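Chain nomenclature is as follows: A, B and C, assigned in order of appearance, with residue numbering initiated at 1 for each chain independently.
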């Protein structure tokens, strides 16, 4: 018993010592420490190298970088922004930050940064508008998450396909040809990996990729500016759901059992899928032998790709906002923006930076910077309710995709769509944002 | 006379002194405990009721008093009703299966044999293991294409099942995993209870000509009734709080569909800490509280109030 | 009960029990096996229980990606502090409730007993708000605060104190002139080593397994516990089951080792203390 007690005491002392060791390691040079939070783990290496460069001119500044999985990150912001325990700098999309902007918890850009942001030809009006609330700009755009179609060129060649699909109908036919089955009829390779399950708003966002070209969107502004209503309870909305149901049940070129998304593409279990440019870096790391190309999103009634702008904000919790803004400005300088594009794969927001040589080296990036007057950009609506709208729509979609009775059942599809739209409007009403 | 009096006075004085010391000790020792207790239990529990009557914003949990509106909304909210239903189904099946299996295992294990320590160790293994790693590995076992479970089932000619894909199978999957996790706990409790049953009862029944089966059903089970009830209620209450395994198994693109296994605590978490509808989430917590209260009353009602009896059984096993 | 059953019945019985054991242990073996496989073998059909090529790469990757040692230390610190505090508060309050009379005693005791059934999930929102007000969000204090006290522990210690410590003993000590605090530490506490051990194990296990509270109250990795770290970590890898299982293994292993050494004490501690009433 005595020995046990002694051992316990020794262990306790050791534990305290170890903890203190860790604490010391992380809190030295406290005087000039900037913390930055990101929702993208792959961005850590970018901030690390940017911090090292910043140290060359600011030797006494240490930058601490923390990244969270995106979903938890958004929750963390809810927890820490109101209590002023958030980092000095946060990297977040406008829509996730909007509720804090609305609540007056986010400072606007400093004058110097505002001048920088508004310089001619620096940022697209899409990126700036996305950051504007009541005429005030709150965040500085860092990168944009644009979507393109990834396709496996070996599988295309094997099926005798020589170019990327141009329209959704064509893509559907391609997917039918590209899907593979085992002798029992189980799908072993999906033609196009749709997002059919999983939690959170992702399912609705991916559904949007189909919904928008078909002519609908998730919510649109009502007659009164600043009010919104569901915009998919229409022919285009029904057609988009039909597209998914047909894919799973009628022609079975995708289903819930097979692996999905980046994972499936890297494993050679799907021929095509939509995703942002960071996948290029991921493939280079995890499946370097994969032969693939990218292409713009196909057309339907219209043509468009989603663009999510990720911004940098300096928070009210920052003890040295001037220094924080200075670091933010350094993050969007030419060298850093180019480094981020080439090494992480996220597309810079600045338009006045030459990235042609990088695209030449990595031709897969081309589809992401492809422009055409007809090729529209759409993105998350910067209102606080949007997250709940998409999350709840996603949950309904997941249920619908599992419902084989919707196969060839246009009444059922219409009901699913209209029920979901009713819920969307309910949510908007609760946030007092609804308008016909 | 005088001396006696003086003695009595000294005695009284000394007693008063002791009483005073006692009182000082009582207050000095109990006050810090009560303070912590109030801070982390009593006040939050009380405040939860208050919050549930308010409409909230991101910055202010008590923006506007709305009376019972949150509760009215709650019982019209399909997601909440779904989570209530899911949680009830989960609690029912996990409790029934884990109790029945645990009784059977305990009956098989009640006779000590050389292998008993091995059995008790292995069956208890999942109980002490934290939930997250366990949920992570079960998620992998349930994988539709490469999972171990589908592989074992394929020996019997069963086609691969997308365990976490479909609402019904996702629920079954999480129930199986949860039963696996707690069955050892229930088993040990029953084992302690069964080993406490005096040999003479069973001998007497046997002399009366009862078969093993009859002894089990007519003698052992009735004697175990208080413990059975206790385990039943505890398992149900714990099952109503289910969160961690749902959180892990629904996360990621290959996770279970959120709504299929949405539970009350999950809904509270999402409303409270994702949409920041504090008041609404607090109202949900009040409903959860009411359910647990009801279950506790049921136990107290049937077992006749005092819990001391069961503690004694427990201690009997520990000695 | 004596064994009267014929041999075939005994074989059947042990067969069933061993099958059960396999089911209980298989997930752990599967975890271990996956954590030692190279990526191409992880996703192979039919699944192999024993890897063809053993690799430690997954473990290396785990340590490169996430500070698992820090997570482990956080869990350990949190659990140790919580256990010590619960032991202290439970014993003191149990002793006072069991052996003293003072105004409001019954009320306070009933309050303690009544809240022992209320799980954290019910009151986590207001508790969190309190942490926000105190700026304890994302601090170690905030993390450990709800685990400093256990209603049931107070009740459990009171029962044990009432049953095992006679009043005469305390009075005798008082007559010898011992102060109340001294009586508590030198007479009462040493007599409670049995129940204290059981309660300590129960408390430790409960805090170690905490998930939803650390999830809510911490926001930076330097405060994450083992459970939370692993829960968050699984997002990191979409393809890589090897590292996920290696992380799981690291989180299970310390618990298993301690369990195998202190098996009897732990089983008693958790089941018997857990028998809440």
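The rule we apply is simple: contacts are C-beta pairs under 8 Å (C-beta built on N, C-alpha and C of every residue); 3 or more make two chains touch, one makes a residue touch a chain.
Every value quoted in this text rests on a predicted model; they were computed, and no experiment measured them.
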item	value
Chains in simultaneous contact with chain A and chain C	B
Best-connected chain pair, where connection means C-beta pairs in contact	B-C
Between chain A and chain C, centroid-to-centroid distance (C-alpha), Å	37
Centre-of-Cα separation between chain C and chain B, whole angstrom	14
Length of the line joining the C-alpha centres of chain A and chain B, rounded to whole Å	39
In chain B, residues with contacts to at least two other chains	145, 251-254, 273
Contacts with two or more other chains, residues of chain A listed in rising order	71, 79, 82, 261, 263
Shared interface positions of chain C, touching two or more other chains	43, 128, 215-216, 235, 238
Chain A partner contacts - residues on chain B that touch it in the complex	57-59, 79, 144-145, 159-160, 162, 165-167, 250-259, 273-276
Sites on chain C touched by chain A in the complex	43, 70, 73, 76-77, 80, 128, 132, 135, 137-138, 193, 215-217, 219-222, 232, 235-236, 238-239
Residues of chain A touching chain B in the complex	71, 74-75, 78-79, 82, 99-100, 103, 105, 184, 186, 195, 197-200, 202, 256-261, 263, 387-388, 391-392, 394-395, 398-399, 402
Complex contact set, residues of chain A against chain C	1, 12, 15-16, 18-19, 22, 26, 41, 66, 68-69, 71-72, 76, 79-80, 82-85, 261-263, 266-267, 286
Complex contact set, residues of chain C against chain B	1-5, 13-14, 16-17, 20-21, 23-28, 30-31, 34, 42-47, 89, 92-93, 95-96, 100, 102, 108, 111-112, 115, 117-119, 121-130, 145-146, 148-149, 151, 154, 156, 159, 163, 174, 179-181, 184, 194, 198, 205, 208-209, 211-212, 215-216, 226-228, 230-231, 234-235, 238, 241, 244-245, 247-249, 251-252, 255-256, 259-260, 263, 266-268, 270-272, 274-277
